[in-house]
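Chain IDs A, B, C, D and E follow the sequence of writing; residue 1 opens each chain.
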Amino acid sequence: MGAITLGHYVGLAVVLFFIGTVGVLGRKNALIVFMSIELQLNAVNLAFAAFARAHLKMDAHALVFFVIAVAAVEAAVGLAILVSIFRRRETVDLDDMTALNE
Amino acid sequence: MEPTLFWILAGLSVVSGVIAVTRRNPLSSALALAIALVAVAGLFAMLDAHLLFILQILVYAGAIVVLIVFVIMMLNLGPEDLEPMRIQPLKFGLAALVSAAACGGTLLWIRDMPSLSAPVTPGFGTASEVSKVLFGPMLLGFEIVGLILLVGILGAVVLAKKED
Amino acid sequence: MSVSFLWLIPFFPLLGSVVNGVIALSTSHRPHAAGRGAVSVIGCAAPILSFLVTAAAFLQLRGLPVDGRALTQSLYTWIAAGRLSVEAGFLFDPLSCAMLLFVTGIGSLIHIYSIGYMGHDRGYARYFAYLNLFTFSMVLLVLGDSLLTMFVGWEGVGLCSYLLIGFWFGDEEKAIAGNKAFIVNRIGDFGFLLGIFLIFWALTGDGKVGLGYGEIREAAHQHRFAPGLLTAACLLLFMGATGKSAQLPLYVWLPDAMAGPTPVSALIHAATMVTSGVYMVSRLSFLFIEAPVALTVVAIVGAATAFFAATIGLAQNDIKKVLAYSTVSQLGYMFLGVGVGAFSAGMFHVVTHAFFKACLFLGAGSVIHALSGEQDIRKMGGLLKRIPRTGWTFIAAWLAICGIFPFAGFFSKDEILWKVWSEPNTIIPWLPKLLWAVAFVTAGITAFYMTRLVAMVFLGRERISSEAKSHLHESPSSMTIPLILLAAGSTLIGFIGVPEFIVEGGNRFHHWLEPALAATHGGGVHVAHGAALEAALMALSLLIAVAGIAAAWHFYLRRPELPGRIAAAVPGLYRAVAGKYFVDEAYEAAVVRPIREGSRLVLWRIVDVRVIDFAVNLVGMLSRVASTFVRLVQSGYVQFYAAVILIGVAVLLWVML
Amino acid sequence: MNSVYLRALTANEPFAILAAGGILLVLLDAIAGRRRNLPWIWPTLAVLAAALARALAGAGGSSAGLIMDGFGRFVVALILVSAALTVVLSETHLRRIGRMRGEHYSLLIFSAAGMVLFATSTDLVYLFLGLELLSIPVYILSGYQRGSQRSAEAALKYFLLGAFSSAIFLLGIAFIYGASGSTDFAVAVSGNGKGSGLMSAGTLLLMSGFLFKVAAVPFHMWAPDVYEGAPTNVTAFMATAVKAAGFGALLRILGVTAGASQGLPLATVLWWLAVLTMIVGNLAALTQSNVKRMLAYSSIAHAGYILIGASVYAGTGDAGALEGALYYLLAYTFMTFGAFAVVAAFGEKQNEHLDMSDYGGLGWRYPALSIAMSLFMISLAGIPPTAGFFGKYAIFKNAVQNGQTSIVVIAVLNSALSVYYYIRVVVTLYMRPESVRVTAGRSVAIGLVVAVCALAVLWGGIAPEGRLPGGSDLLGSATRAVLAPR
Amino acid sequence: MSFAPGLLSLVIFLPAAGAVASLLVPKNRPTIGRALALAVSTATFLASIQLLVGFRADASMQFVEDVSWIAAFGIRYHLGVDGISLFLVLLTTFLTPIVVLSSWSDVAQKVRAYHAMLLLLETGMLGAFLALDLFLFYVFWELMLIPMILLIGVWGGQRRIYAAVKFILYTMVGSLLMLVAILYLYKASGSRGFDIELIRQTALSSKEQWWLFAAFGLAFAIKVPLFPLHTWLPDAHVEAPTAGSVILAGVLLKLGTYGFLRFAIPLFPDAAIAFQPLLLALAVIGIIYGALVAMVQEDIKKLVAYSSVSHLGYVMLGLFSFNLEAFSGALYQMLNHGLSTGALFLLVGILYERRHTRQIADYGGIAARVPLYAAAFMLVTLSSIGLPGLNGFVGEFLILAGAFGENRLAAILSTTGVVLGAVYMLWLTQRFLFGPMRHAENQSLKDLGRREGLLLAPILLLIVWMGVSPRPILDRMEPALRSTLTRVEMSRARDAAPKAPIPLPDAQAILDDERSPR
């Protein structure tokens, strides 16, 4: 095992990002899709932290702070939307939500 | 030491990430997500991002995941609800394929990174130092985040509140 | 010499036409309220006034020295664009004078005749409007001083012919006959126009081109036309003549044209309009004379037509149809004459023919009038006693057309025969003798079928239906007086062209026209082969005419059962002749129907609808298909959308790499 | 107080006004309590007007990645005008559904604030925050019609895809930051990360975020569904203001890269995207019989036309191309907004009357609305004398001048295609028989919006230089601001 | 030097003002609306007469108005009239009041909008004829579209919507490509503007000209319509209301040929020469094909529509024969066609109003019942088939004579159109007017009324007058046509000379010259 470089961190971030992507694209359950998006955002945060470390600048830390806050808002709003749909439709299956098409 | 820790945390985050997107039951997913987030928090610490480490645990693993779990509980999906939403091999496989391809492509783009050997400046990543940025040049951003949070609250109220 | 009164000649008929036209339209819903008297007066005064002006002009012209015999008047520049600058101008020279005298003269008689003939018709005013308009157009045709003004009249007479043939438009057949006349004429005009274009471009240089006869003549004398071009132009112009003058292969409209009122047949389809082709060739004699090939074609077509139409005339039973084919045949004679370069002989026949054929037609009209509309000669016979004035005038004209001395036809026909024999042809040396033979035989046939006509109508046993018999009456004097005058003309007019070998300078008609016409290189009327030959030929032609008459007399009066037997003996030939050689049917099958059905089925239904429009709609259809496809991609599955985004990003990254 | 903060705020007064105004409205809403069917429209308009006034006054400057230049003022003005129109349009809608709440208005204002930020910044932090601030209220507003399943589905779709795309956007920011160590894009492209793979990838990912907002192919697929499902007033807002903000940001970023030699064939990429966007948008609209959806596809197609300008601008840095794109955006805003406003006017509470056949014969029953609708359709089709025509003209002219005749030919063929579906609306209005009894209530508010849009469209077609007969010189100053660039 | 400043603007925008005014007329008083439209269009005609009165027969542009419209884009509001446009303008203003009068009782629905569209259309047409700035021309060109499709689509027949949509799509494809070409010219002019004079002075390579001509030519050829781009025309004509058909045939189609004459040929002479064989061939095909297809139509309007294809084929033949005779003939023929085909559509409309059918088979033998009508129909027919003495002949003769000097084969083939024209028109009159009365419904057919007579009479008079005395028109046309022709001849001379490029005058210098006094 060699030294851990920036590349490792960024690579990991990318891998995590795309694991999240798999969830976003591949799961029918909207809740899991939401979580996947959170995972994606987190992966990007990891990249930011790594780059901040590389550049030894902390503005990225502030940015990560913002992202975390935004992620929280997104989660709240997304879940609110989901709940409002669930109230009428009793489902969180994305494949059922295709009334709007063509 | 450091590489080992990195690989452990990396492995943990990847594995729990994979688990998070593959579970049928969203509760299991949420749990796996929490573990992944904690693992990333560990990586933050390794990157000398001490404040972020704290925030990650508190806000992400704490607040957000709890919110998700809360909603999962509220929706209270039984197995008969979840069954139709289990992984469909074709769809999931295609998604994985596309993602893997994109992932590979992206990795190709980001080769040849510098090492992280440069020593950190004193106080790097600590709350006080980050605050200097946050309440210095980034103050406006901070305010905007406040606005976004306000919007989030409004949104939650508008969307999820029952008809009066 | 420039004069200022020529415009009156066309003006009177035009005025008459307009006034009568207005009367016709304004009283169209109350036809019997119209003042018939006024219409008659206006309608007949117009050509008579024209005739008087023409006569005055003739007198003035005669007073001029021979080489200055031309009255001209230019009204205004009609069309001017680029190098073209056409005057609306008149040329009154011996040729147009001769033509105009009989056009307005005989025209006047026929107008008068019409008062009686059309007296009971609903469209009386309209009829006179058309007839006046015709006179106007014909005058324009003759009097115009350029190819284009001639063309105006040319088309104008065609229009009037169309309108008058279809005068009783309520009858579909008559309307169709009118159409046919106009369209066939237009086919000829196609050639006429192209001829004009050829000449126009041959004349263009630095200055303006007016297409005036003088200008063209000048150019021809200076040999500014290439020989090939000249031949082509003459042939094209002659194509126009074949249309208007009913020559092969465009003669088919004329027999059908008999659908019009009989005076119209007399005026337009016998005496005047149909001879304008001959007039045109004579008018452009200076061009044709330079194009021997074209002239030879004219002669051949003329001879062929003369013979061909005469044979058809043998087996027709409609009195007007017989006369129609005889007209076609006689027109062929005229073309034969001008075709051998004997322009004055051709014109002479035009004049004599105008008299006797008008007389024949009006006589036929009188017969039809008397028989309440019956036209089939098998239902006539013995009418000479019943309607003697009509009968005797008819007989005079009959003798004229058969070429019996001293009737008019004798002189003109013999002059043509003599010229045909004696004018050498530079291209086909033996042609003159052949043409003569054809014309000679035709003369016999003509005598035969005309005698048949006279015999069946006026002589022999009465075969009239009892109903017609009850109304049988001689026509009113407004009809018989013109008949008598025309009969007199048919008898006497020949003496203006007595052969030179009989009386030196006797062919006054020829000398009158001489300054206006080109002469063959062989010389004028003066004898090349000697008087003896000419006299011998004359005797021969008289002989064959008499033979024809005698034969017909034998067949139709003495042994009336014989024709039927002969017909039965050669049924195929008889059917062909009686059926007019099925030329109409052949045209219908080979030209008309293929064009019409081809247009309908191929051009419209396939090319327009199935090909072009389909191609247009196909573009639309493909767009719609593509549209549907694009919209189907928009499936509503949100994760699919996300995947597209991801793939999009990936592709972009890939492209950029 | 922090001086950088103050400078940034003063540099971007419209944003400050909007933010403050939005918060004020929230407070008012809270104070109002149950008596909430209040005329929210007036304070909202006042806030927007104040922001607009500041934007046009030319106040501001540039500080820490926030730039309020001529370009910024133009885009901000456009955003604010369309927000104001949305506010007026919403009045009728909210009354109809019985939810006249302050929250709707404050969300609109917050979104507008986000747009202002988005369009006036080259700093990646602000871009991200602006993006979120503008998007999240729109997600919420899309689902505002609580009774409607379609509205909720639209909100969910928009949210999911929006979040996904902002994740990609954020990844792009991360890469750019990683390559350069700076969060200011203007600094980043010219800094030490210049030309690296990471930088290129980051720029591209960033770009895809903008392209998502403007609904360019292949990031367009959310648009038809969301436009259709969202309440029409929100759709109008999305189709105009969001697009304006998106293009504002895109063009600004292109402006930064246009100067710096990036080694990125951005112009070529945009060329292809423009072609694809035009073709897909127009083709899909061709057979669409749902009017709102048709307009959604049409808005995709129009994004394609604007992308031509963007492509030329990216390739040459020609200010004329930028001007063309902005003029198009201006024309597009009014004609599209007007069209949606008419759609809203014909809608009823029970039946929105979105099917084109419902419009049969309305031309004779609602002459004013129909004439306006026809005008908007003609303008969208690019037929003179309308603003839409000059928009196309401005874009095409610059493309031709820069040797891009081929894409213009493709574009005009697309326009010809588009005539079919735009004219179909006119045809239906005037030539088809009435099929359903539409009983649209007469609404002064909608009438006002339609009238303003119609006048703007006509005016832009007759006097595209923006000369007003007398005095005030709104559009003129905006276009001139473009001509006197950054 | 202008005769009356602003006269052209007045002529153009008077109808537009009338259009707005007619929308304001009270809805339940249609007669006021009709009277208003009639008054406005008549006033426009009277105003346009002033153009004729003050016109000098030279090649210059007269009554010029030239102000900057959109300075930033170099777009000018530049109007002017010369021998080419003068009579087309007069034709337009002449036909419009007639058309208004023709629909007096015919159009009962939505009368206000109807007149508004008609008048707006007039503005578009007049503007297109008078614009001397390519951009301005394009604006007016497009302005015609909407009123026209509404006229067809709202007041038209059964398949009116199909016809309207087909019309606009055909037209847009062409005109949008023309827009690209216009933009290219702007670039080629050094981004100075769209003024036709400026463009004229702009040097264009042969290849550029080729493409530009193709783009302009396509737009114009669709409008003409040239075979095989003609299939919109029969549909549009059949479905359009009478007024629409009259305007469409009378004026709109002329915009295509006018476009060739004003823009495509003089601006791109090299390309015009290069395209000559193709366009001559298409023109000849159009003449013959149009005639043949017209012959077999069963619907009168369709027949007349195809006859337009044939007649416009003559015009195209004349335009691409590149000599003054043919040019004059072509321009003259445009007027002739406007009058005779316009009159034919009016006549068909008059009968349609009574019997509501356009099938030839539904008539027949009506001449005796409606003699005035039949006489008018006959006269127009004769004009249409080019009878000498009527207007049609002058145009046809000049075109064919001119064409004969340029391309004999084309001229010979086209001359067959003279025969075919007679065939289809006379066959029509025979089946339509003559023969026995076949349908009892026609027994009670009413003849032309006073109003109908009034609207036909001016056309019929012109048909005769223009046949007898064409010079007042020809002489005024000629100088302008000659100067257009010079462009082509210069180009030919250059081609003939072995590679000795004639330097075009410097555009900028000329521009400076032009602009300095302003």
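Quick notes
We take it that a residue touches a chain if its C-beta (ideal position, glycine included) is under 8 Å from a C-beta of that chain, and two chains touch if they have at least 3 such contacts.
Keep in mind that this is a model prediction, so the values were computed, not measured.
In summary, the chains found to touch both chain C and chain E are D.
Across the two candidate interfaces, B-D and B-C, the one carrying more C-beta contacts is B-D. In this assembly, the chain whose C-alpha centre lies farthest from chain B is C. With chains reduced to the mean position of their C-alpha atoms, the one farthest from chain A is C.
The central chain of the assembly on a C-alpha centroid basis is E. In whole angstrom, the spacing between the mean C-alpha positions of chain C and chain D is 79.
Centre-to-centre spacing of chain D and chain E amounts to 43 Å, using the average Cα coordinate of each chain. Work out the mean CA point of chain A and of chain C, and you get 98 Å between them. Centre-to-centre separation between chain A and chain B, using Cα means, comes to 6 Å.
Contact of a single residue of chain E with at least two other chains is seen at positions 169. Within chain D, residues 125, 129, 132, 136, 139-140, 143, 146, 155-157, 160, 164, 175, 178, 200-201, 224-225, 288, 420 each touch two or more of the remaining chains. Counting partner chains per residue, chain C shows two or more touched chains at residues 631, 634, 636, 638-639, 642-643, 646-647, 649, 653. Inter-chain contacts occur between A-B, A-C, A-D, B-C, B-D, C-D, C-E, D-E.
Residues of chain D that touch chain C in their complex: 156-157, 160-161, 164-165, 168, 200-201, 204-205, 208, 212, 217-219, 221-222, 224-225, 264-265, 269, 280, 283-288, 417, 420.
On the chain B side of its complex with chain A, the touching residues are 2-4, 6-7, 10, 13-14, 17-18, 20-21, 23, 26, 29-30, 33, 36-37, 40, 43-44, 47-49, 51-52, 55-56, 59-60, 63-64, 67-68, 71-72, 74-75, 77, 81-82, 84-85, 87-88, 91-96, 98-100, 102-103, 106-107, 110-118, 120-121, 124-125, 129-130, 132-134, 137-138, 141-142, 145, 148-149, 151-153, 155-156, 158-160, 162. Contact residues of chain C toward chain E in the complex are 24-25, 28-29, 76-84, 148, 151-152, 154-156, 159, 162, 166, 169-172, 175-176, 178-179, 182-183, 186-187, 189-190, 193-194, 196-198, 200-201, 204, 595-596, 598-600, 603-604, 607-608, 612-613, 616, 620. Interface of chain B with chain C (complex): residues 91, 94-95, 98-99, 101-102, 105-106, 108-109.
By the touch criterion stated above, chain B contacts chain D in their complex at residues 106, 109-111, 135-141, 143-145, 147-148, 150-152, 154-155, 157-159, 163.
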